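Given below, in the form of structure tokens, are the structures.
Below, chain A partners chain B and then partners chain C, in two separate complexes.
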Partner chain A sequence: MLNYLLFIATIGSIYGLLALSLNLIWGGTGMVNLGLAGFFAVGAYASALTTTTGHMPILAGWVLALIVGGAAGLVVVLSTTRLREDYLAIVTLGFAEVVRLVASNEIWLTRGTDGISGIPGPWRVALGREYFNAVYLPILLVVLLLVYWLMRRIDGSPYGRALRAIREDAQVAQVAGKPVLRFKAQAFALSAAIAGLAGALYGHFTSYIAPDLFLPLITVYIFLAVASGGVGSPAGALVGAYLLIALLESARFFVELIPAVTAVQRAALKELLIAVALILVLRLMPKGLLPERIPRAPLVGGKP
Partner chain B sequence: MNRLAIGRRTALLSGVAAVVAPAVLRAQGEPIRIATLTPLTGAGGPYGPVMAKVAAAVVDEVNAAGGVLGRKVQLVSEDDQTNPDAGVRAARKLIDVDKVSAIMGTWASAVTTAVAPLCWESKTFLCTVSGADSITLLPHQGYLVRTQPNTVLQVTRCGEFLLSLGAKKAYTLVPQTPFAQRSIEVLGETMKKAGGTHGGQIYDDKKTTYRTEVDQTMRFAPDAIFCAGYTPDTIVLLKDLYRAGYKGKIIGQAYAVNQKLIDQIGQNEVVEGVYTYAPSVAEGSTALERVKKMSGLANPDPYTSQVYDHTNMVLMAMAVAKATTGTAIKDNIRKITQGGGKTVDNAVDGLKAIAAGEKVDYTGASGPCDFDDKGDILDCKFRYEQVKAGKATLVKVA
Partner chain C sequence: MTLLVQALLNGLVSGALLAVPAIGFTAMFAVLRFPNFSVSGIATLGAFAGYVAYGAGLQIVGSLAVAFAIAGAAGLFLDRAAHMPLVKQGALPAAIASIASGLVLENVVRLLFGNDMRGYDRPIARDMRIGEVRFNPQQLETMAIALAIMLAVFAALAFTRIGKAMRASADNPDLAALKGIRPQRVAMMASFVGMGLVGMGGMLLGLDSSIDPLTGTRVLLSIFAAAVLGGLGSAPGAVLGAFLIGIAEEVSVLVVGSQYRAAVGFFAILIVLSLRPRGLLGERAF
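This part shows the complex of A and B:
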């Protein structure tokens, strides 16, 4: 049981990283990035290939995942500078599909739909299955806390305020003299880099990645997590991610308590339960569990 | 803060409670736990439910006859959603929470490849129906067997069948899957050995039209086409081939070219004469009769028959080992599947014979169920059918 809870907490933390990434770009800057799964995949493949085919240390894989994820983000954002809202969403969704198709078809590089198995985890062999989860989770939590801290710093900084200004009205921000394009590109690249890192952490945890893992479903999950946690608040994004994984997994046990239903009905009930829970959260708390708190503007000419 | 008064603490608490509560509520007992991990939703949705049902029926029967080693057997059925991520999460729950000693019936190759490492690391036995060659090549240390013939065996038989129909120029159309490249290579080798020619291409299975692919195929002027996709893409492909005026032979996997495909196409002339082939269930065997009764189907599919075999084999292996762990199953499964002895077609008879100290040799609903060292089956019959007037009619079983 403990091992399972550790596993679920680890997956939850990886979703948490993705949620922080999405929160920065969607909640913070107002750009809809439906290509999250694509950046997640890019990072996962970058790190998996460096450490398996490239025989490099795991840390190098993670750093590379950050760089490659960020670079992919830059390419996407710079090639879509004139697109906003729905149009940006469509292009980013397309990007994620392109990544998935490349991963399934460029067999020489990615081993195609067979996927890459045997991705090393830190001290996996030495620790054995019993203790690996217990060691990996703290590593992941440290990374998560670092990223969370960074997000809070950005939120409280003038830079974060400029991003929120762009979210509310890019034109006004431009008139106020903010370099909108540069800020957008930076935020997008940072968000993509975090998603890439999340992908790397996922691959080294489960030891196997394949194109089928990076279907748009994962993007939908993270959007749900951020929406139910509170768009624009990093803490909300984290809570949303853990809530989502808790719902996904606990639904399993609840439906087992229902007597006299077949396995299929149970599977359908499980999906239903998750949907109802998420609808309830958004119905009762439309701004999410931990809504964004916008600090009051400081009084000009007030107390010294 | 909110009129409806669900504060954030309450919400968080209920989230935590949601995870913890069921563990407390579940009854503690000492049954032997085994599991099915079949696709109850997603692309494998048409197959998984019956598979789980038949496995449950076998377990019920064994429990009614007194269980295994004096203990009741409990079957846990989880849904892999035909998705590797969901499959891994479900497998984790089965291994760490339910502590099952065997997982049976993983269907999609990607799911099996993702779940297999969890199984061998935790010494849980895995029985699968996935066909990709790469699966038995994984370093599974014996913790895996599959009852589905691998790509080489399947495609070779398909090629031999096409040759027997007089085909000389064959063409393979296959979506990007773990068996795609291998399918093209193997059919190519089979055709060339008999002096024929072969071409092939890999397509994307989520497209809505295959005009370009079909044009390219027609340029090759094949007299036989092997459509190795799944149902949704094969529907589109067959329609486009018909529109392009293709008159030669077509053969597809029976799991794709099924009654659902015929119904969805809705025009019999499009599918008229299309051949299908599949690893055959052991037609006429007593085990298959039992599967028919348990599933309530007149023609149970191969996967259902295979899961029936998985369940019987796992339970009998435990009885021979006098232990219920995954390692016990691994070390003893070949003792009840091959090597002579009293032929049995179900676990109840097998368990009785084992208790009486006899050696048993299980012959199942999917075939003889004899495994090599990698976990692949040694032999299997294939069933060839042809669609005539909107109905699949038997050509031969060989």
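This part shows the complex of A and C:
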């Protein structure tokens, strides 16, 4: 039981990282990333390959996941900078699909649909299965808190205010002399890097990754987490992520209780529930549980 | 050489099938101003509605009408209930909700029919040949139906009152409203007809291969690519884009193998956005 709780707390924290990543881009700048699962996968594969095929230490894998995730984000966002957000939505969605195609077909690199197994976890062998979960969760929480702190710093900084200005009206921000394009690209790359890091942390936790673990459904999950927590609020993103994992686990429990349904129907019911929840949250609770608080801009030129 | 001719021919067929949902998607975008991702679920729904109707003894044209009606009604309901109230906040919330509603439809179909592949039970016909190039008469029939649907859509847009109202509304909603065109009605019509076309497209694609709950998801990128390639919001552009994507996908099989067929749409979008961001025919050629 304890191990189960540790397990879902760990997965919840990984969703928390993804939610912070999405919140930065969706809440912070008003852009959208429907390819979150793709960046998650890119990071997972980067770190898994570095540490298995590459025999490098785990920390190197995590750093590389950040870099590769950020680079992928930069490529995607720079291909659509001149265009409106709806194009970015379509392109990011396509990106996640292409990542999955590459992961399934470039067998020489990714071992195809078999996936990569035996991804090392920190001190996994020494600790054994029981204690590994108990040690990994605190490590993950430290990373999560670091990222959360960074997000709060960005929110309170002039940079964060410029991002929010871009969200509200990019044209006005441009006129005010903010380098809109550069800021958008930076924010997107940072967001993608965090998603990549989340992927790395996921792979080293479960020790196994495969293309089918990075379905677009994960993106929908994280949208639900961010929307229910409150778009634009990092604390809300974290609350939303833990609520999400609670909902997912109770949904699993709940559909087990329904008699006379096949496994396929159970999975379908669960997905149905999540999708309906997302629509309801967007419709009925557009500000989320912890609505964004926009801090007042500091006065320029000293106290009045 | 034969291979290339064969690929071009197959590309024309799949392009014609793709054009039907692409017109629907682009028309909805022109009027409602958000990318409706529930196209994936609606195409699946249409494919299964047509499948049930065909199994119940209707002919192909009758089954297509059923697919149109059911997909259109579902699309209209979802737009009214879930998407349009969000458009006031911007295109993105509506687009995100439409992903969720596509997922709802996909899973309703999965609940009812399971994950198994199904095929329309059509009588088997022998391939025809010209030289080394093969035709399947049923493929040609499906293609002819798709072309007839396109023709009907363009005739409706050009000559009927509601078609003209839709074009006017897409071009300039305020001016259209000023002229007494009720935006609400036009929006509802766009949802119904657009998603009806997407549903028929799902069935046409199903006729050509097989159907399962992921049928729509698999063609989503191709539909988007066709619309973006031609210029989002342009119906003739969507047709042109669909043929180009259809051909590119078939030719890509010769070049890089079938496993990357699904990526063609994505790269086509990237190339178009970098070289000609408003698409081949521009955004307002509807």
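By our rule, the second predicted complex is superposed on the first by the 259 of 304 C-alpha atoms of A that agree within 3 Å, B and C clash if a C-alpha of one lies under 4 Å from a C-alpha of the other, contacts with A are read in each partner's own complex, and residues count from 1 in each chain.
What we mean here is this: a residue touches a chain if its C-beta (ideal position, glycine included) is under 8 Å from a C-beta of that chain, and two chains touch if they have at least 3 such contacts.
All values reported here derive from a predicted model rather than from experimental measurement.
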{"item": "Chain A: partner with more touched residues, chain B or chain C", "value": "B"}
{"item": "Partner chain in contact with A:T52 - chain B first, chain C second, else both or neither", "value": "neither"}
{"item": "Touching partner for A:A268 - first (chain B), second (chain C), both, neither", "value": "both"}
{"item": "Partner chain in contact with A:Q174 - chain B first, chain C second, else both or neither", "value": "neither"}
{"item": "Which superposed partner A:L34 touches (first chain B, second chain C, both, neither)", "value": "second"}
{"item": "Which of chain B and chain C A:L284 touches, first, second, both or neither", "value": "first"}
{"item": "Partner chain in contact with A:N105 - chain B first, chain C second, else both or neither", "value": "both"}
{"item": "Those residues of chain A which chain B touches in one complex and chain C touches in the other", "value": "101, 104-105, 217, 262, 264, 267-268, 271"}
{"item": "Touching residues (chain side chain B, partner chain A) in the complex", "value": "2, 4, 6, 8, 11-12, 15-16, 18-19, 21-23, 25-26, 36, 40-41, 48-49, 52-53, 56, 77-79, 81, 83-85, 88-90, 92-93, 95-97, 108-110, 113-114, 117, 121-122, 132, 134, 138-139, 176-178, 180-181, 202, 204"}
{"item": "Residues on chain A engaged by chain B in the complex (per definition of touch)", "value": "1-5, 7-8, 11, 101, 104-105, 107, 112-115, 117-118, 129, 206-208, 210, 212-213, 215, 217-218, 239, 242-243, 246-250, 252-254, 256-257, 262-264, 266-268, 270-271, 281, 284-285, 289-290"}
{"item": "Sites on chain C touched by chain A in the complex", "value": "29, 34-35, 37, 82, 85-86, 89-93, 95-97, 99-101, 103-104, 106-108, 110-111, 114-115, 220-221, 224, 228, 232, 259-260, 262-263, 265-266, 269-270, 273-274, 277"}
{"item": "Complex contact set, residues of chain A against chain C", "value": "26, 30, 32, 34, 79-80, 82-83, 85-87, 89-91, 93-95, 97-98, 101, 104-105, 217, 220, 223, 227, 262, 264-265, 267-269, 271-272, 274-276, 278-279, 282-283, 286"}
